[in-house]
Amino acid sequence: MFLKVEQLTKRFGGLTANHNNDLEVHKGHIHAIIGPNGAGKTTFFNLISGFQPPTSGTITFKGTDITGMPPNKIAERGIARTFQTTHLFEKATVLDNVMIGNRLRTQSGFWDAIFRTRRERREEKESLNKAYKVLEFVGLPHLADEPIAGITQEQKKRVAFALALATEPELVLLDEPAAGVNSGETDGLAALIKKMTKRGLTVCLIEHKMAMIMSLADRITVLNQGERIAEGTPKEIQNHPAVIEAYLGGGQPESSRTETV
Amino acid sequence: MDKVMNIRNGVILTFIITLLLPFIVQSQYVLHVVTMALIWAISVYGYNMNVGYVGSLSLAHVGFFAIGAYTLGLLTVKAGWNFWLAFMAALVLSAAIGFLVGLVSFRTKGHFFAIYTMCVGFIIYLIIDKWDSLTGGVRGLIGIPHPAPIGPLTFDTLTSQYYLVLFFLAVTILVAKRLLHSLLGRTFLAVNNSEELARAIGISTRKNQLLSFVISCFFAGLAGALYASFVRFIGPDIASIVLGFEMLMYLIIGGIGTLAGPLVGTLLMVWLTQSLQFLQDSRMVLFGPVLVLLVIFYPQGIVGGITNHWRKRRKRSDLKHSESKLPKQVPSHRVNARR
Amino acid sequence: MDLFLQQLLNGLSTGSVYTLVALGLTMVFGVLHIPNFAHGAFYMIGAYVTLTVMTILGLHYWVAMIFSVFVIASLAVLSDRLVYHPLRNASPLQHMIAAVGILLFLEALAQVLWGADYRRMETSYDDVVHIFGLTVTEQRLLILIAAVVIMAALHWFLRKTMIGSAIIAMAQNREGAYLVGINANVISVLTFAISGALAAAAATLASPINLIFPAMGNLVIMKAFVIIIIGGMGSIPGAILGGYLLGVAESFGATYISGDYKDMIAFVLLVIILTVKPTGLFPGRVH
């Protein structure tokens, strides 16, 4: 299994944000995580990417236990993520923003910087080349020298993708990639996500835009109030009674409802 | 391209002026003041490499300045060490204590970090002030020797000391520049921009914060050691938090995070302080509000503001010439034009 | 044993002053998330204002205190409206630097207006009283009692009035407070006013047993920071407990360890605490 999450639980004080959640993501898939607001989706991502340590449970990525690792180590192992609101470096250019994504694949340190060693220059060039490559991939090579402050919301989303891709990930976690963009732009971003998997990437995403999810995802996991209430293909999820109730009724699902379709 | 030439010419011109300064100004007093300003500038550059690059506000910076000064002073006066040996020891000790302090203090975040380092700075001050038998307490430490000669170079005269300080400032600026434009410098800026995002792309924020903190302590120590050998008398007031605030003010006014900011801010403020001598200790009645206004309306400082202005102008002229745009290719070498 | 009780009493009176200063600091932090480095300057100006109206206008000590309380409360509100409010969306770094700017300004202002000399505040409560075999000056007793009265009044205000509960609500949950329609500007002004008033009262109480000089606020504010970190940033009971604890610890430290290093106790304590628990002793009270 590519990414395997078992019995993951996160409690904040008395509040349980995630309760005994399981997740299996297959290589090359687009796996969506949906659920009403406050269902614990972002917490779930934070646990996988190491931003918060889980209370219990394990996360295995490509056969290695990554539970409790700090986020930078998890990124090194090939899991990249984006955030709901991206804090790109507004004053710097698109290229400068994306270039730093390659940092975890470079070694140059203080002395390399001071003496501008051959390694520094080589790695700088590599980072630059990779930045151009990922910018091309997300379709923004023409904006390379534009400062972030001067580009649109949708372009910023693409830059955030590019930054994540520059870390050379195998799994990308996208937190609401299409929030705050119009429907035409949403289709463009969906096509880009599809393109990522064609390049051999695996994508896990949180999203509220149902039309996008249903056409894009290979599998969907539904969370409600911190618990997984369903998992399956888009078609299965659409007709799943627990899902319909969670979205329409907002009732209290019991743990007995947790089932894999 | 002519813009870049202008900047370069400006730098060259400044450099020539500073080199010839002892021949241009006849007044020993002015040269003394300038030398002091350059020493402050070294410290402010160090400060910038921490506050400006990774964005963590340490209020202990002045403490490390004092550690550098007192290490040199005590080792030469009380232990009778060779000057340059003591000088090296001052730098190493400042950086080493900086490492230890940073190791612990970067476990805290944001406001806690500022308050924590403020307390560390105050402990350093109290130790210097109260440990009478070692530091001389409020009476201070006198008779610190001038820098010892290196081969044929002697440092007995004001002019020679000016050149010595200038040399170290040049080295400091070179380090600041190389750092800013390196992969490491980019990493610092990424941490400054958003710790969350930096960690998500595989950057260890604490490691980078610690490194930049140690670098800044090193240069604070360097400035302190130079100060001690130049003034030849040191007291606990060089560790006072107010002096630290003053360095912070130089940095903010010059332009935080910029390359020329520390120098511009320091020279300007020292010059202003000299011109407003009649105000003496009450000059802060003026500078305090200036600092506040700057933070509210012009947080990028003088150099940051000018750079922004230039960038906008260049962009406008770029648009005019956009018809001659060539298809974009990966350039083999790029000029860094950040900030 | 006598020495012990004596030092305990002295420590409690010093601690009362710390507590009042720390309370203002912690309230501002709790509500606005600003570490107000200028708070110590409010304290210092408060002492000077009391001294000035006592000597020039010949007002009685307590009247002068009330006068000073109003002046410093206005000063604090002014700093909020002119400086912190315009910066409400700025980075923490900008807040801290602005606070430093205010601090530098007020200190220099004090020097211009009142000179750099050390001043002494005359008090009519110089007499020594004997209770339970302990000797204590009336002023120290007054500090103890006045601090308790002030804290009781503050407690009443925060718990029993609408606007007071709004401050508490705001300190506990900013977003939530916005949602239920609390006017953030009013709360902000009020919080600064209270913090300034507390600083002025503390300074007026402490001045007869200490000296007045432009830099007198620096040490106090730093200790107040230590206190609110120990007690939890934004926590009112924490500030009270921490203030008294530090006062007593210093008093005993000066007696049993060394008078020279008593000022260091607070900072060493803080460094140890933050080294062991980087988020403070009571994290999670304020988010």
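As written, the chains take the letters A, B and C, and residue 1 is the first residue of each chain.
Methods note: contacts are C-beta pairs under 8 Å (C-beta built on N, C-alpha and C of every residue); 3 or more make two chains touch, one makes a residue touch a chain.
Composition by chain, UniProt nomenclature: A = Amino acid/amide ABC transporter ATP-binding protein 1 (HAAT family); B = Amino acid/amide ABC transporter membrane protein 2 (HAAT family); C = Amino acid/amide ABC transporter membrane protein 1 (HAAT family).
The model shown is predicted, which means the values in this text are computed figures rather than measured ones.
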Need the most distant chain from subunit B, centre defined as the mean of C-alpha atoms. A
Select the chain whose centre, defined as the mean of its C-alpha atoms, is least distant from the mean of all protein C-alpha atoms. B
Please work out the Cα centroid separation of subunit A and subunit C, and write it as a whole number of Å. 47
Using Cα averages as centroids, what's the distance between subunit A and subunit B in whole Å? 40
Between subunit B and subunit C, what distance separates the C-alpha centroids? Give it in angstrom. 33
Residue ranges of subunit C touching at least 2 other chains are none
Would you tell me which residues of subunit A are touching subunit B in their complex? 49, 51, 70-73, 75-76, 80-83, 86-89, 91-93, 96, 99-101, 103-104, 106, 108-110, 112-116, 120, 123-125, 127-129, 132, 141-142, 144, 147, 163-164, 166-167
In the complex, subunit B residues that touch subunit A: 175, 178-179, 182-187, 189-190, 193-194, 196-197, 199-205, 211, 215, 311, 328, 330, 332, 334, 338-339
Can you list the subunit C residues touching subunit B in their complex? 29, 33, 35, 83, 86-87, 90, 92-94, 96-98, 100-109, 111-112, 116, 215, 218, 222, 225-226, 229, 233, 260-261, 263-264, 266-268, 270-271, 274-275, 278-280
State the interface residues of subunit B toward subunit C in the complex, per the touch definition above. 51, 55, 57, 104-105, 107-112, 114-116, 118-120, 122-123, 126-127, 130, 241-242, 245, 248-249, 252, 281-285, 287-292, 295-296, 299
